[in-house]
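First chain A sits with chain B, and in the next complex the same chain sits with chain C.
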Partner chain A sequence: MLVHSRSGRRASWLVFAVLFVPLFAVPLLVIVAASFSTHWSGAFPSGPTTEHYAAAVRGESLQALTTSLVTAVAASLLALTLGTWAALAAAALRGRGRRILDALFVLPLAVPSVVVGLAVLVAFSRPPLLLNGTRWIVILAHTVLVTAFAHQSVSAAIRRLDPMYEQAAAGLGARPSYVLLRVRLPLLLPSLSAAAGLCFALSMGELSATMMLYPPDWTPLPVLVFTATDRGSLFIGSALAVVLMAATLLVLLAVSRIRTKASYR
Partner chain B sequence: MTSGIRFDGVTVRYGDTTVLDALTLTVEPGEVMALLGPSGSGKTTALRTVAGFVTPSAGRVHIGDRDVTDLPPYKRGIGMVVQQYALFPHLRVDENVAFGLKARKHPRAEIPGRVAEALEMTGMGAYARRHPRELSGGQQQRVAIARALAIRPDVLLLDEPLSALDAQLRSGMLAELARLHRELPDVSILYVTHDQVEALTLADRISVMDRARLQDCGTPQELYRRPRTAFTASFVGNANLLPVRVGPDGVDLAGTALKVPVGDAAPGAAATLCVRPHLIGLGEGPNALRGRIAEVQWRGATHRLYVDVDGHRVKADVRELRDTPPLGSEVTLHFAPEDAVLLAAGVNDG
Partner chain C sequence: MASAQATAPPVVTAVRPHRSRTVPAWVWALPPVAVLGLVFLYPLGLVVQESLAPGAYAEVLASASFRDALVTTVWLAVGATVGCLVLGFVLALIVAFVPFPGAKAVSRFIDVFLSFPSFLITLALLFVYGTVGMANGLWTGATGADAVSDGPFHFLTTPWGVLLAEITYFTPFVMRPLLAAFSQLDTAQLEVASSLGARPARIVRRVILPEVLPALAAGGSLVLVMCLNEFGIVLFTGAKGVTTLPMLVYSQAILESDYAAACVVAVVNVALSVGLYAVYRVVSRRAGA
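Presenting the complex of A and B:
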C-alpha cells in the first residue's frame, strides 16, 4: 500500500471521489437515468418507463446493434491480423526499416478520424475499387482506424517477449514457422486478446469517420444514437447508448476471460 | 553415430569489440569439455556459435564432419540447456519434452515413449502432466535437460545450467549430470561455467577462457596441479601467485631463498611461484615463510589465513585452529617443494 496513514488514505479516497464522480460516473449515470424517463424539466428526469428499451431492441435499433457488432468484430479481427503481421515483420527488421514500418502503422493515430473517413471515401468512390455505398467501406475505415492500436500493443508485447523461448525452440530443431505458431503466438495470446478488446471497443464507439461513409443499409448504433439526439429524442438516444455500452462491456468481459485463461504466469 | 565439435579460428566481433578471439579447440566425440572463465571471457559466445545464435565474424564451426557455420540453428541437431531453463510456459512438462520431436516431424507413435524415457532419465516421470510454473527451479532444470535429451542429440550444449540453483541443489544436480553422461557416453558435451568446482567435477578436459581468448586447455588434473598460466592458476583453485627470481636450485622471494623445482628456467629470470592455499601449512618446515597475520576467516572445517610476507599477501587454508592467532601476530608458514609450480614471468600478485 502506497499511503500508510489512515488520514492519508482517507484523503486519497476523497481526491479519487472528487475527480472520478463528476468526470466519469455522473455523466454515465445521467444517461442511464434518462434512458428510463419520459420528461426532464426539473433537476432530475421523471416519468419512469421502459418503453425506450422496448424500442431500442427492436427493428431498426436491433439492426443497428447487429451492424455495429459485425463491423466491430470484422474490423478487430482484420486489424489484429494486419497489426500482428506488421509487428512481427517490424521485429524481424532492424534500424531504419523497423522505424519506417512502425511509423506507417501509427499514422492513422495521428490523423483525425474524420480525415481517415474522407480519405477512404475519396479513395474508394471510383472503379475499379468502388466500395462507396457498401458495408465494406465502413468495415474498411474501422479497420484502418483500429489497426494502429493493434499494432502498437502487439509490437510492445513482442519487444517484451524473451528471445530465449524462440532460441530454445530453434535449438530443438523447430523451423521459424513452427516457432511462430507453437511458441511465439501462444505466448503473445494474452496481449493479442487485450488488443482485440481494445480494437473492438474503439470500433463499437466510432462515429466521425462512420458518419461520412455509412450506406443506408449499414447503420451502426453510434450513428443511430447521434441522429436520435440530434432530432431531439434524448431519451431514446440514451436508451440506445446504454444498449451500446452494455453490448460492448459484455464482449470485453468475455475477451478478458479468454485472457485470464491464456496468461501463464 | 557420435560427433564432436571443432572450432577453427572462430572469431566474433561486435563493432570494435572482439568477444571471441580466434578460438581453435576440438571437443572429442563423447567428451565433456568445460569452458571455464569469468563473465565476459567469451565462453558463452563460443557456445552460442555452436548453437547458431551467434554468427562468427571469421572461422568455421564443425559438428562431427559437418561445417555448420552457415546453417540455421534448427538444422544443427544440437540439444541445449540454458541457465534460465526457458521451458515453454504454455505447455505441460510432457509437451515441452515432446516439442523437439514434434518439430522434427518424428513418427508420432514413437513420441510418447521417447518423452517418457527422457523424463525417467532425469527423474521427472511423475511430473509429466504439470505445467512448468508448478515446478521448483531444480525440477524445471531437469525438465529442460530431458527436453534437450529427448531429441537424442550428438552434441549437448549446457550454458551455466546450474547457476540459477542454490548450492545444495547444485551439488545434487552435478552428480545427476555426471550419471547422465555415464548413461549417454556417446554424447559430446560442451559445458559453459564460471564455477571451477563444476568444471573440475564433470569435465574430461577444461578450457580456461579469459578476455575473449583461450588461455589454457587440459585435463582437470593438469590444470590444477601444473597450471601453465598465472590466470589458470588463480582462477582454478585460487592459487597464491608470488613474484620470484630464479636462482641456481630454487627461487628467491624478496630475500628468502625457497627450494622449488626450477625446471629449465634460466637463473636470474623473473618468474611467478604458484602454491595452492591448502598445501601451505602453519609452523616450521621446509620453505619457511615468516609474516604477520592480516586477516583470518573461519570456514567451518578450515581457517583461511591471510599472511603478509615481505609485502606479499599469502593465502593459507589450514585445518580448523583451536586458538585463532590474533591479527598482527607473527607466524611461520611452510610448503613442500614438490607442491609449488614455477610459471614464466607475468607477475601477478594475487
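Presenting the complex of A and C:
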C-alpha cells in the first residue's frame, strides 16, 4: 500500500478513472453503441436499429467472416506446427546453433507486416510458385506473421519445463519419439493452446499484410471493415467490427477452456 | 540355429541407439528452417534484390515524400512511446499499489484489449472526435454552430490523431510487463521507506522506479518498434497529410505499382525496426536476468 490517507487513495483512483475510462473503455463502448444506431451528431447516438447486424451476417459480410475464420484457423495450425518444431529443435541444440535458430524465428516480429506482405507478393508472383491471386497467398502471409509469436511462447514454455520427466521416461527405456509424444507434448499442451489462441487473435485482426495481398474472392473481415469505413459507412463498419471482436473473443474463450481441461493432466 | 536366434536381438538393440545417435540434433532443425527460408527469408531477399534496381535508392532517398515519411514515422513513434511510458507507468502504479475493487478486472480487460486489432481505436475515435462525432456534436449543440464546419475538433486527420490512437492502443503493451515487475517487487521495501517518513512521490522515484526500470525499458522499446511498423491506425485515419514508412510502402506498391521504390522504402523500414528490435532483445534479456 503506497498511499495511506483515504483522501490520497480517492485522488489516485480519480486519476485512474479519468485516464482509463475515456482512453480504453470508451472506444470499445463507442463502437458497440455506433453499431446499433443510424446517426451520431450529439453526445449520444440516435436512431436505434439492428439493421447493420442483419447486413453483417449475410452475403458478402458472412463470407468475409468465414474467410477470416478459415484463414485464422489454417494460419494458426500451420504456425503452431512450424513454431513448435523449431522451438523443440532449438531446445536440442546448444550455443550458437540455438541462438541463430531463435533469432531467425523471432525476425518476423521485427519486420513490419506491410513489408512481409510486400515480400510475399514479390516472391510468389513469379513462375516457380505462382500464388498471387489465390487464397493461399493470404494464408501464407498470415502464417509467416504469427509463427514468431507461436515460436516465442512455445520456447518460453520449453524453458520452464522440468527436465526430470523426460529424463525419467528416457531412463525407463522410452524412445525419443515416445518421450516427445507422450511426455513433452502433453506437458506443453496448456502453452500450445495459449499460443494457438494468440495466433488466432492476431490473424483475425491482421490488416497490413492482407491489404497488400487479398484477392477479390478472399476478403477477410478487417478489409471489409476498412472498405466500409473508407466509403463513409461508419455504422456498418462498426457492426462488422463488433462481429469481428465477438468471433475472436468466442474462440479465445473456447481455447482457454481447453487449457483448463489440459492442466488437470 | 538356436545360437543364431539368441545372438540376433542384441545386435538389433545395439544398432538402434547407434542409429539414433547418427542423426545429430541440427538435422531436426533443418525442416523448419527450410520452410521459414522459403516463405520468409527468400521473399525478404527478393525485396532487397529488387531495391537494388539501378537508380532506385537515389531516386527514393532524394524524394521529399520519402524524407517527410521518415521524419513523420520517427517522431510519431518516439512521441507515442514517451506517451505510452508515462501513461502506462501511472496507470500500472495505481493498479498495483493503490488497489481498488475492480483492479483484477482491469488487468483482464487489458489482456482482452491486446487481442483486438489496432484499427478499431481509430474507428472509435472517428465517432468521438470526428467531424460529426460526439465532441463536435456537443460543441455545436451548446453553441448552435454548424456541425461540419464549426466543430472545434479537427485534429483526427492530422498526425496528432494518429499519435492519440497509437498511445491508446500501445499503452497496455507497457502496462503488462510493468504489472509483472510490480508484482515481484518486495513490498517490505515500500513499508520501510514509508515508515521512515518518505512521501509516496519519493518512494516512487527512489524505490519503485529504479527497480522496474528494466521492465520499463523493455516495454518501451517494444512499443517503439511496433509504432514504427504500425499501418492499420494510419490507414484508417485516412489522412492524406500523414504518411509513414509502412504507408509509403503500401501506396508505392499497390496504388502506384512502383515496386522498386516500395522495396527501397521497405529496406529502410526493416533496417530501422530490426536494429531497434535487436536493442529490445538485449534490454529485455537484461530485464529478465
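Just so it is clear, the second predicted complex is superposed on the first by the 243 of 265 C-alpha atoms of A that agree within 3 Å, B and C clash if a C-alpha of one lies under 4 Å from a C-alpha of the other, contacts with A are read in each partner's own complex, and residues count from 1 in each chain.
In this text, contacts are C-beta pairs under 8 Å (C-beta built on N, C-alpha and C of every residue); 3 or more make two chains touch, one makes a residue touch a chain.
It should be emphasised that the depicted structure is a prediction, and the values quoted were computed from it without experimental measurement.
Partners chain B and chain C, once the complexes are superposed on chain A, both fit on it without clashing.
Contacts of A:Gly205 after superposition: chain C is touched, whereas chain B is not reached. Between the C-alpha centres of chain B and chain C, as viewed from that of chain A after superposition on chain A, lies an angle of 90 degrees, to the nearest 10. After overlaying the two complexes on the shared chain, residue contacts for A:Thr248 are found with chain C alone; chain B is out of touch. Of the two partner chains placed around the shared chain by superposition, chain B is the only one that A:Met164 touches, whereas chain C remains out of contact. By the document's definition of touching, neither partner reaches A:Gly133: not chain B, not chain C.
Of the two partner chains placed by the overlay, neither chain B nor chain C lies in contact with A:Pro215.
A simple residue count on chain A separates chain B from chain C, and the partner touching more is C. Of all C-alpha pairs spanning chain B and chain C in the superposed arrangement, the closest lie 6 Å apart. Chain A residues in contact with chain B (one complex) as well as with chain C (other complex) are 175-176. Residues of chain C touching chain A in their complex: 20, 25-26, 28-29, 31-33, 35-36, 39-44, 46-47, 50, 87, 90-91, 93-95, 97-100, 106, 109-110, 112-113, 115-121, 123-128, 130, 132-134, 137-138, 140-141, 147, 167-168, 171-172, 190, 194, 200, 203-204, 225, 228-229, 231-232, 235-236, 238, 245-246, 249-250, 253-254, 259, 262-263, 266, 269-270, 273-274, 276-278, 281.
Here chain A touches chain B in the complex through residues 162, 164-165, 167-176, 178, 182-183, 186-187, 189, 262, 264-265, going by the rule given at the top. On the side of chain A, the complex with chain C involves touching residues 1-4, 8-9, 12-13, 15-16, 19-20, 23-28, 30-31, 33-34, 40-45, 82, 85-86, 88-90, 92-93, 97, 101, 104-116, 118-124, 140, 143-144, 147, 175-176, 198, 201-202, 204-208, 211-212, 222, 225-226, 229-230, 234, 237-238, 241, 244-245, 248-249, 252.
Here chain B touches chain A in the complex through residues 51-53, 72-75, 77-80, 82, 84, 86-90, 99-100, 103-104, 131, 133, 147-148, 151, 157, going by the rule given at the top.
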